[in-house]
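Here's the structure, in structure tokens; my notes come after.
Going by the order they are written in, the chains are A, B, C and D; count residues from 1 in each one.
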Amino acid sequence: MCGIIGVYNNPEAATLAYMGLYAQQHRGQEGAGVISSDGTKLHRHMGQGLVSDVFSDSTIFESLPGHSSIGHVRYSTTGDSDPRNVGPLTFNVGDEYVSIAHNGNLVSLDQTRKDLQADGALFQTSTDTEIIIHLLAREKGNSIDKRLESALKKVQGAFSLLMITPNEVIAARDPHGIRPFCIGKLENTYILASETCALDLLGAEYVRDVNPGELIVINDDGMHSRQISPPTKSKHCIFEYIYFSRPDSQIFGNNVDKMRRKFGKVLSDEQPAKTADMVISVPDSSNTCALGYSQSSGIKHEIGLIRNHYVGRTFIFPTQFLRDLSVRLKFNTVKGVIENREVVVIDDSIVRGTTLKKLVKLLRSSGAKKVHVRISSPPVKHPCFYGMDFPTTEELVAGQHNVEEITEIIDADSLGYLSLDGTLESTHLEKDNFCTACFSGDYPIALKGDNGKAVFEG
Amino acid sequence: MCGIIGVYNNPEAATLAYMGLYAQQHRGQEGAGVISSDGTKLHRHMGQGLVSDVFSDSTIFESLPGHSSIGHVRYSTTGDSDPRNVGPLTFNVGDEYVSIAHNGNLVSLDQTRKDLQADGALFQTSTDTEIIIHLLAREKGNSIDKRLESALKKVQGAFSLLMITPNEVIAARDPHGIRPFCIGKLENTYILASETCALDLLGAEYVRDVNPGELIVINDDGMHSRQISPPTKSKHCIFEYIYFSRPDSQIFGNNVDKMRRKFGKVLSDEQPAKTADMVISVPDSSNTCALGYSQSSGIKHEIGLIRNHYVGRTFIFPTQFLRDLSVRLKFNTVKGVIENREVVVIDDSIVRGTTLKKLVKLLRSSGAKKVHVRISSPPVKHPCFYGMDFPTTEELVAGQHNVEEITEIIDADSLGYLSLDGTLESTHLEKDNFCTACFSGDYPIALKGDNGKAVFEG
Amino acid sequence: MCGIIGVYNNPEAATLAYMGLYAQQHRGQEGAGVISSDGTKLHRHMGQGLVSDVFSDSTIFESLPGHSSIGHVRYSTTGDSDPRNVGPLTFNVGDEYVSIAHNGNLVSLDQTRKDLQADGALFQTSTDTEIIIHLLAREKGNSIDKRLESALKKVQGAFSLLMITPNEVIAARDPHGIRPFCIGKLENTYILASETCALDLLGAEYVRDVNPGELIVINDDGMHSRQISPPTKSKHCIFEYIYFSRPDSQIFGNNVDKMRRKFGKVLSDEQPAKTADMVISVPDSSNTCALGYSQSSGIKHEIGLIRNHYVGRTFIFPTQFLRDLSVRLKFNTVKGVIENREVVVIDDSIVRGTTLKKLVKLLRSSGAKKVHVRISSPPVKHPCFYGMDFPTTEELVAGQHNVEEITEIIDADSLGYLSLDGTLESTHLEKDNFCTACFSGDYPIALKGDNGKAVFEG
Amino acid sequence: MCGIIGVYNNPEAATLAYMGLYAQQHRGQEGAGVISSDGTKLHRHMGQGLVSDVFSDSTIFESLPGHSSIGHVRYSTTGDSDPRNVGPLTFNVGDEYVSIAHNGNLVSLDQTRKDLQADGALFQTSTDTEIIIHLLAREKGNSIDKRLESALKKVQGAFSLLMITPNEVIAARDPHGIRPFCIGKLENTYILASETCALDLLGAEYVRDVNPGELIVINDDGMHSRQISPPTKSKHCIFEYIYFSRPDSQIFGNNVDKMRRKFGKVLSDEQPAKTADMVISVPDSSNTCALGYSQSSGIKHEIGLIRNHYVGRTFIFPTQFLRDLSVRLKFNTVKGVIENREVVVIDDSIVRGTTLKKLVKLLRSSGAKKVHVRISSPPVKHPCFYGMDFPTTEELVAGQHNVEEITEIIDADSLGYLSLDGTLESTHLEKDNFCTACFSGDYPIALKGDNGKAVFEG
């Protein structure tokens, strides 16, 4: 996954992009980059690591002059940590430099890539994003946005993307609107971002979402929009509500926080735990949901797990003894709260099941009498090809086991998932406006040549 | 402030110290270091920044062999970020290397330092810790622990300290027990730490606290204790309960979490806010306290402020526009929760008042109808000379203003502090077992030559 | 300019390439890189700076496994220090990785580049080398060497180039043989290098030069050669003899050292300085030439200028006082030798004239009675488009001034250049076997779109 | 060994010190540092590596304000590359900071160090320099220079030292004047340096040497000198003339270059090689000497060995094959010059004999008919305790073998050393004004507790 930000018409364009990346750091921690335009040339600064690692010195902004910018944070995936994959990617298209930042995954690109290579295309990266640029470079249009439009018609999948040239910022979103993408204004400055929390940080007013299938060009004549694909059903990623987006963002037309509280309430109805003494959350992603569960069920909400926010990447330790300890680097229990109590612990989802198994063990070792696990989403059984970093069906615990078996695997006293219906009914939209492929296996965009694992990532 | 950790008799001594520092990272983020002993020589690794910055590579542990270790995290204070001040400090005393890690501040050292310098002592650092070593080096004892004992009798103030030599780990605590200091065991391994959360992380069992005035030597013959100062009144730092220690630690004989919940309950009794729609906390330090306030008052607990945990040190931005934005880098509001509501916001203390002023403004801009600020401690009016990093009376907002004035300064609709009596009665100990100097101005250890600002820091 | 090295069939292939770059460091100090092949994949290590900076740690060679390798050192030119221009450049051509290292400049590429871009080619670098790869990628041949052959037929200029694929090392040289390029053997290992000093260092035996217009493929079946362009006149760069190559190399069929001694002898005949007390050289490039001048003229050879070999890049100092001093960072005079003497100082060439002007001033301030400057090459009046880093005609002092004026500019008592005839007659080859464009303006390869400044560089 | 520089009364004091270190880089390549004084405080910048590595950025000088400075380059010795040993060392003596830079070795300090430690002194480094500071700190004088005087009276050995305090620069030299030390002026600025080549670079006029046994204080009242030890015999290090100093320096009252030429002439008389075709030098230290030998003997001087000046520290390669090659990284022969010739090769000294052995082998492999080795100094048989980095007698080839044996070890056709008498008579001073301990074993300063290996180094 990734987060993106674009700024047009502001003397502090690069600094605003940097701040917008900070607000969206949760969308990608592998690398960060900002490209600015001074009207003639593009300038870039990027690197591996967190925004604060990459922008470690305020003098960096002196090397990023100009009134427009785009930025990108990238999520660590399968280990392909080639620094060349860190975005935004920059290319020389004809005489002009363009740079592109992309959130979402394109699909079924194997043949497209092969065709391009057979035609002499030299690839710099292993990203799907670069394919868009090669297609664009081969279009014979008279403007970058026209060429981008033609290129995008040749690809499928999820994309919320931003492109910058010396004179314009261009935005485009896939026809299904899979990933979030919003537009804001701060006086005369345009701000585009994955999530509204970036607009909030910049003090910008939310204007509207980029529409599915829309292409927007912002230049000195203002903002120009056109629909580049015919109207189709929205297929928003339900997992953005469940886990990925920040609770203070508004995406797909509603507050993430509000959705999560609702998930908690419905979960409490569907999966009660009447004998429990308290509800605790796995911080921080499940905090709001636990509040909802507590308010609906009347079971007391407590803080029983403490997360150590200083923990970044940790080492793979050489002995089992040390590896066991390293679990606790991230979470500790508040013994006084847990001891001799029957506890409901709320988490947003179960992927491999390993973390939850360790948490249950930790809670038991702190004296919990019983541990009831409640999950605010259905079982994740299928991989995602549109940007969410799930492993293969073989590695997904719910891809291989039923609820009873998972209860045993994680050693819980009981385990309850929110139903798919319950999940979808909690939202404000029609059920079929969401992509639920990871739960249902029903992929809204057909896959060719993709076999159970997303190859590229953006 | 600082956090310390000691390990004796474990083949992974350095790695355990590193993990113990991770658990105590909240006690100091300026620098970190670990010293190990292989029985003959000491080995060290230290640097500026977070534990994860300093120990960025697992091969570092290969350079820290041996079965015993001490570690230290240091808190950033007045700007004296001289890398030589990062501990543990290491010295050549005669033929032998010793290293020392210290939490707390010594006081009234001006004359001692002058006397030592007049006698030819060359200082490497500006820390008070080094004075202990110079005193020790001038003692004519036949063992390091005897010489340390004599040295400690010549200094006053707060100290929980650990010393390592090739063959032993030595611990000592000041007669008033101002800072926390605990002992644990993990099978045959001794662990000593500032807080029990470090024992928890290492899977060690809590044995007891190091007693005020106690000196402990751990070597191959086991653990040997002696009292090096006569029995006196404990003067534990009440601020460790209010803010500094981790909620999952047990210090001074009780759970920090339990104390904070109690503070919240008493605060709700003393400073009600009957018309409020909800209670929110300034995350994460006030979370438990807000729960207590909510449970006692019956006012609903909500999550209205989101903290961005990725934010480290931020730049001083060149324009006011950017400086205003940078406030929101750290906190954002959940608009849907706040809008049109009357809010009680709980914070643990007010020092300068600047952050709280910005938070109230942020809440108002998110549509809060009223903002009632409740503080789970009395007004901080006096500097701390025993280790807490408070500024001078002139810079403390409560040192210059009464509650009414502060309410106006931070632009709250109402402001209520927990009373000193309420604070102390919430604890399980006699009232006069705590140092309350920052609230009352009543300093338990007389100060000579210290004029309103702690000079040294450890 | 650049230096290149290739190794085939040696278990220490990467280390040998590294050593070969060390021997050729004088050909390029901006960056260095080595690519190795393990038979399946390519591995690379490269960076900006000297070979010793880039290969700072012997563990680097563990990341460069395999039995074949190529290496590249790159010369700093106009300031385009984009790290992406550091070679060898690596590309994904279809499914296969290829890497290329190139010495020399291609010319008249503006239209080729435009055509490629119009056809959708995306450029990664601003090097001419990359154009070869784009042309290659567009060829429909069944083997890399065939596609390279077709690509090279579409470009003009100077190239001694090495390409590596997982299974082979390919070498090619332009039809005029402008830059040096030699083949050696070390038992069963093939070594290819810009200069024979690299073969010497590796203990390899010199076999022969790569022929102008020849393409060589080395794989497990041995070395295969074919002529890819019809026989034409050689146009070796005479400046390689005058200045660029190392004196202990043998290039274009003769020893550099021997040529330089001859230049000195002829210079002494053409430009005597009968009243002089001694001959000194500007170390180290003119040492041999000064010996020749001394031996032919009978004037005593002395060491009057000392070069500080520790001086790397120096700063641009903020004041004129410091800038004046900085000249002496590089050279100092031996006063006792110079004082009250009439001195002949030998240098290889005059480009801008600034250094020589400062040296004359330095010699005078050390007490030289008279300073006679003798140059072992004709006046450099024209830029080089084939790889030598000369500035524009406007910046070349001999492009704007006659000998009399230059004498005055550098403040010499007399100035004498070696004639073009004298230069060419000193060699062992026909006069028209050399490119003399920088002296004569007679460019052997027609230039289109190149206007007085080489744009690309390899 | 080390090189030192001091500057008083110049707005560019730190930059001048940096340049003075550049000129003296040959005296120490392990580390470099500059301390400046702004009149109130000292500022420092130092690090490991070459001057150009440590001062890699011109903004460094902004952190070194003030009108006075001292600087230090340090030579790599036995492997004790503790960064804390890099000078100038800085100490807090009472309220005042002082910093010290020292060239030369103190001797017989074991007892002094033990006494100081017994008295409570804490050592920061393993340098002898620090002992001076501890002695100084224990003196009860009313000024730093008085306390330094008393301290220096308690130590023995070689020292040319510079000390800086906020208000003054102090210089002192041992009673025997073992290491060089000179004073220059640049208008109103005082410059003090190990060698005059530093004065030359700064455009300063040579005034005089610091006298043996002299202490100089430079402050706003000017330069004040006093003799702090009674007149005694000078014992200048003859090896500074033979090898260590730069040829363009003037030390001990004469030009180094002139001395070396004289050594070459006398060597040609004492050790002729009548059948030889040419004289070559091992560059660069023996260049002048080879000129002298050639001029005196009439045998032609040629350039037969080329040194690669880009070679810094090289790796210890894992295989013998690579280790053999690595010899040639530093030197290559000019085959055309050497082949079929009978060669005299001049070197300044033989220490272990390993390099010369490899050079003879290299010359033979390039076709030399005969190789006559001539050395411009007597056999080095004894270690130096006064600063020169020689190994123990066991490792010195002449400490274990006679000339005949060494001839065989290095595989020369003949070997001739300059006699001790010839060496001393070449100078302009009385023979007994030089320390010749490394040749004769006659140590001018008695050694106690030093057993065949210098322990400390400055």
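By our rule, a contact is a pair of C-beta atoms (placed from the backbone, for glycine too) under 8 Å apart; a residue touches a chain by one contact, two chains touch by 3 or more.
Small disclaimer: the values here were computed from a predicted structure and weren't measured.
Chains in contact with subunit B and with subunit D: which ones?
Expected: no chain.
Could you work out which chain's C-alpha centre is the most distant one from the centre of subunit C?
B
If you average the Cα atoms of subunit A and of subunit C to get two centres, how far apart are those centres in Å?
Using C-alpha averages as centres, the distance is 51 Å.
Rounded to a whole Å, what is the gap between the Cα centroids of subunit B and subunit C?
Computed value for the inter-centroid distance: 62 Å.
As a quick test, compute the distance in whole Å between the mean CA positions of subunit C and subunit D.
36
Can you list the residues of subunit D that touch 2 or more other chains?
Touching at least two other chains: none.
Name the graph shape formed by the protein chains and their touching pairs; answer line, ring, star, complete or other.
The chain contacts form a single closed ring, each chain touching exactly two others.
Every touching chain pair, please?
So, checking each combination of chains, I get A-B, A-C, B-D, C-D as the touching pairs.
Under the definition above, what is the set of subunit B residues touching subunit A in their complex?
Those residues of subunit B that touch subunit A are 12, 15-16, 19, 22-23, 25-26, 29, 50-52, 58, 197, 200-203, 246-248, 250, 255, 257-258, 284, 287-288, 291, 295, 300-303, 306, 308-319, 321-322, 324-326, 328-329, 332-337.
Tell me, which parts of subunit C touch subunit A in their complex?
91-95, 114, 117-124, 133-134, 137-139
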